[in-house]
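Presented sequentially are two complexes of chain A, the first with chain B as partner and the second with chain C.
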Partner chain A sequence: MNTSVTRNASAVFTYGFLGLMAFLSVFPFIWMVLGATNSSIDIIKGNLLPGEALATNVGNFFTLVNVPLVFWNSAKVTILATVLTLAVSSLAGYGFEMFRSRQRERVYRVMLLTLMIPFAALMIPLFIMMGKSGLINTHLAVVLPSIGSAFVIFYFRQSTKAFPSELRDAAKVDGLKEWQIFLFIYVPVMRSTYAAAFIIVFMTAWNNYLWPLIVLQSNETKTITLVISSLASAYYPDYGVVMVGTILATLPTLAVFFFMQRQFVQGMLGSVK
Partner chain B sequence: MSELQLSDVRKSYGGLEVIKGVDLDIKSGEFVVFVGPSGCGKSTLLRMIAGLEEITSGDLTIDDIRMNDVDPSKRGIAMVFQSYALYPHMTVRENMGFALRFAGVPKAEIEKRVNEAASILELGPLLDRKPKQLSGGQRQRVAIGRAIVRHPKIFLFDEPLSNLDAELRVHMRIEIARLHKQLSATIVYVTHDQVEAMTLADKIVVMRGGVVEQVGSPLELYDDPANLFVAGFIGSPKMNFLRGVIEPGDGGEPHARLPDYGDAKIPIKLKQAVPGAEVTIGIRPEHFNESGSAILDLTIDMLEHLGGETFAYARHGKGELVVIETKNGRGLKSGDRVAARFDPACALIFDASGKRLR
Partner chain C sequence: MAHARRGGIGRYYDVNGWLFVAPALGLIALFMIYPILWSLWMSFQSGRGMMMKFAGFANIVRLWNDPVFIKALTNTMTYFVVQVPIMILLALILASLLNNPRLVGRGLFRTAIFLPCVTSLVAYSVLFKGMFAPDGIVNSTLQAIGIIASPIPWLTNAFWAKTLVIIAITWRWTGYNMIFYLAALQNIDKSIYEVARIDGVPAWARFTHITIPLLKPVILFTTVISTIGTLQLFDEVYNLTEGKGGPSNATLTLSLYIYNLTFRFMPNFGYAATVSYVIVVLVALLAFVQFFAARERDR
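After this line comes the complex of A and B, so read on.
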């Protein structure tokens, strides 16, 4: 009897807690979608029912924002950052795991330590570096600091532990140079790892806000996150328009995730089977 | 076909020497098996031949050309790995032709060689499948096929049957033996399974601790081991070792007294028998027979009936177990006291350091 009561109480608590967490995760999305259908004043009043202002909000958004340019800027920065980060970090992860050297673990630990440095501490030195290189207000200034990601290198090194060393030996006997082994054997075999890393890096790059805010100063170079932020911080912000922009900004990451979720899960579980 | 020579080959990792001066001649067309317990250096030595591990000192020559610093792909070798090492993203056909494609061999020639190898190994229907769609035995055949298409001078096999189940292992063992005969290839094969070594090899190299303990044909090693280690390693069930002390015989013939076996006396024939010396008497399980003149008084501890023969595990008091192979063991039972007889001429004698005394 007691056991049954305890079990039921435990289930009520578990489901209650999970329900609350699910609500906290999903509510902002629901609010975003409902907000896009309401006028700004209705959103401020806290109306949580579907409204009739969707067409007006969409029209206003396209009037206020040069949508093709902003999305092109975001896409350019994101794709460049993602491709370069994956290329550099996977090479580094492969190198850290495959090549034996006395200094390897020391260098690796120092690299991991950089994960503990908050970005706020790096902003000013980075800004000075970009300024001296004449890169301020260019997309390259947004991309460059993100390429050597300690986290992604760490992720690739850990995943590379599952890469069978005999494949590398077989490839050497087959006559492949190290770069060919990387390109023709490692990359295809580890494609799930790449897919998982792609999603993580893509989302980080697409949602990047603080650093682009600092280095991108003209309207022609601004990305979608900066534009939405500027709409929200206007003197009389139109929250309906902001919600439309937010929905549109969310679509690419949602699409990437839905197209690659199988590989993402596989990559997180381990590429090599 | 090709000759391979190792002269004082050594390998060190930092201050740790793992291969301690190996000298070996492998003749053209020979099937040589490196055998030894885990960690003895047999795989390391094979990888040194392949060029996957650097040689710290000494010379490796193939057809009289020094190969120490030659790239693995240019040594004229092909290797079959324990885990097959098939490229998972390629089909069987692509796996087999991959090395040739990189070597710039024309497409038609690659196709021809892949089809030849596929026909030798009966892989035809599997050519368009990916490795994950194959069974363990099929994967191993593909791995062998990948080696064959390169037309190597020397095949290197690194424990190729370890991942297969018992039945498949026997089948693949026969396949490899057939292949050796068919291709007349020079093969260097690593295994820790002495049954594989005995059945496949023209020549066995027994290794321990980075040192070659003995080289010889399977039966040479079985009948005439150079030391206690080789005697114990070759043969299944392993040779029985009985502790003894040499004593002068009454009529001039010395004998070994076995203190753990009721002071049984075994007549021995040695060029130089030193009275009082501690020795080990080695006797194989199948050498026990009813007509032998040496007798051990034993009590059966356990029996294994295999149908055709029986293995009796017996001991004297608290002494070491002795394994006896007999064809007439069906009537035996645990606890039976037996007089185990053997011909003293079959006994091998080793000194305290394990070296064979003759």
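After this line comes the complex of A and C, so read on.
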């Protein structure tokens, strides 16, 4: 009987603790959605009931922000970064793993050291470089420094170890060239690796803040992250409008999470950021 | 003859090998290696904007006499000394509770606790700034249930502003760390726990004597990545405390200070580069510690 009491007590603790943690984790999302329906004053007064200001907030958001342009900017940066990073990194991961040489192993080790470089130590030289090449205020400047990613290369190389070498040998016998083997055999076989890598790069690019903050100074080039940040840092921010913005900015990543949950977690486990 | 043929194949492999890795290596050289060496060079120079001249160790001397730098360094250290252990412990407890296969609603709890990871650092900072407003939902709830008598000045008091940054980071990253521990726990034989339970080992002792020792490598790994992340803290502090580093620089971090030195004040690239090398050195030290700890483990 004593054990059943302790068992009950521990079950109460377990479910109580997990319930509380789950609630605290989800609450800001609920608050964000409710906030979008309330006026700014009600939001910072802590009102938790659905309000009637949704239409006003959405309207104000669309008046203050050139929504199609801002989303186009974010999408452009994200798509460019994702496509280029996946292409360049998978080529390199395949190259390092399939063609071994002593020099390349040395280069690979030096490359892995770049994982330790903090971005803060790069931003000043990068800013001057972009300034000299006239790339300030362009999306190319946002994307370029992120394409060569030692981490994504590492991820592809590790996954390439599981790529069946018989496939490559068979393709060679059939007379395929190296680039054809990569494009027509490796890429389709490694779909799930691409999916997990896609999520890492997509999340990083869509949410990127510090570097775009530095290089995108004109309103025509700003991404959604920058817009939310500047709306919220006004002296008297209109929180209703800010909530609409954060919802719209979070929706794409939330959608990716729910549709690709397995790969999402796999990507997270692999991502060192 | 055989020798020549081997050389031929070797060269064939080599051309292809280099071609596949060339685009990535070129980009890394141009946007990582070259800038990091340039900022090392810059850290020995001083001046305004692009007008720089060699200054030897003047910037390093300046670090010691710069109270704002000392503050930024102390704040950054405070964040990881206080926040990283709290978060790791919380993530470990959550992971070991969720590892129980008989738990009802496991998937739901896991998804809910992981959900903060999908938000951008800016989006959640903005949300937290609103929730922790003077009359905001957090203060009014705490007052309603009688924990506090008057509102906590989260954003305007040095201590509370730091606390808010710590709460916010913990919210965002606990689920992320938990996922690593859950993945590692999958590899631990469940029968160890069964045997311990039958032998009457209480839950807390199972946690401290089985889970923590077995997860040591993962704990070390997550500690290092969390610490490196904390050393680079920028987005949250910038957005929670109006981009200035809070009341009398109470929340200022090293990254934010570098940003301020470069883009907010009259730019002093040389000195800012020196501050950035403080982060480089700290990260390198940590990686070093991890390397040796990992070697110890393999023995």
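Definition applied: the second predicted complex is superposed on the first by the 233 of 273 C-alpha atoms of A that agree within 3 Å, B and C clash if a C-alpha of one lies under 4 Å from a C-alpha of the other, contacts with A are read in each partner's own complex, and residues count from 1 in each chain.
Please note the rule applied: a contact is a pair of C-beta atoms (placed from the backbone, for glycine too) under 8 Å apart; a residue touches a chain by one contact, two chains touch by 3 or more.
Here the structure is a predicted model, which means the values were calculated and not measured.
**Student:** Which of the two partners, first being chain B and second being chain C, lies in contact with A:Val58: first, second, both, or neither?
**Tutor:** Neither partner.
**Student:** Looking at A:Ala150 after the superposition, I want to know if it touches chain B, chain C, both of them or none. Which is it: first, second, both, neither?
**Tutor:** Second partner only, chain C.
**Student:** In the superposed model, does chain B or chain C contact more residues of chain A?
**Tutor:** Greater contact footprint in residues on chain A: C.
**Student:** A:Met129 contacts which: chain B (first), chain C (second), both, neither?
**Tutor:** Second partner only.
**Student:** Scan A:Thr246 for contacts with chain B and chain C and give back first, second, both or neither.
**Tutor:** A:Thr246 contacts chain C only, not chain B.
**Student:** Now for A:Ser101: first (chain B), second (chain C), both, or neither, which partner does it touch?
**Tutor:** The second partner, chain C, only.
**Student:** Tell me which partner A:Met111 touches in the superposition: chain B (first), chain C (second), both or neither.
**Tutor:** A:Met111 sits against chain C, while chain B stays out of touch.
**Student:** Between chain B and chain C, whom does A:Asp169 touch in the aligned arrangement: first, second, both, or neither?
**Tutor:** Only chain B is touched by A:Asp169; chain C is not.
**Student:** One more residue to check, A:Ala75. First (chain B), second (chain C), both or neither?
**Tutor:** In the superposed model, A:Ala75 contacts neither chain B nor chain C.
**Student:** Jot down the residues of chain A that show up as touching in both complexes, chain B in one and chain C in the other.
**Tutor:** Shared contact residues on chain A: 272-273.
**Student:** Which stretch or stretches of chain A touch chain C in the complex?
**Tutor:** 10, 14, 17-18, 21-26, 28-29, 31-32, 35, 43-46, 48, 88-89, 91-92, 94-96, 98-101, 104, 107, 111, 114, 116-129, 144-145, 147-148, 150, 153, 178, 182, 203, 206-207, 209-210, 214, 225, 228-229, 232-233, 239, 242-243, 246, 249-250, 253-254, 256-257, 261, 265, 268-269, 272-273
**Student:** Across the complex, what residues on chain C touch chain A?
**Tutor:** Spelled out, the residues of chain C in touch with chain A are 13-14, 16-21, 23-28, 30-36, 38-39, 42, 50, 90, 93-94, 97-98, 100, 103, 108-109, 111-124, 126-131, 133-141, 171, 175-176, 179-180, 183, 203, 225, 228-229, 231-232, 234-235, 238-239, 242-243, 254-255, 258-259, 262-263, 269, 272-273, 276-277, 279-280, 283-284, 287.
**Student:** Quick one: in the complex, what on chain A touches chain B?
**Tutor:** Within the complex, chain A contacts chain B at residues 164, 166-167, 169-176, 180, 185, 188-189, 191, 272-273.
**Student:** Which residues of chain B touch chain A in their complex?
**Tutor:** Residue list for chain B touching chain A: 47, 50-52, 71-74, 77-79, 81-83, 85-89, 98-99, 102-103, 132.
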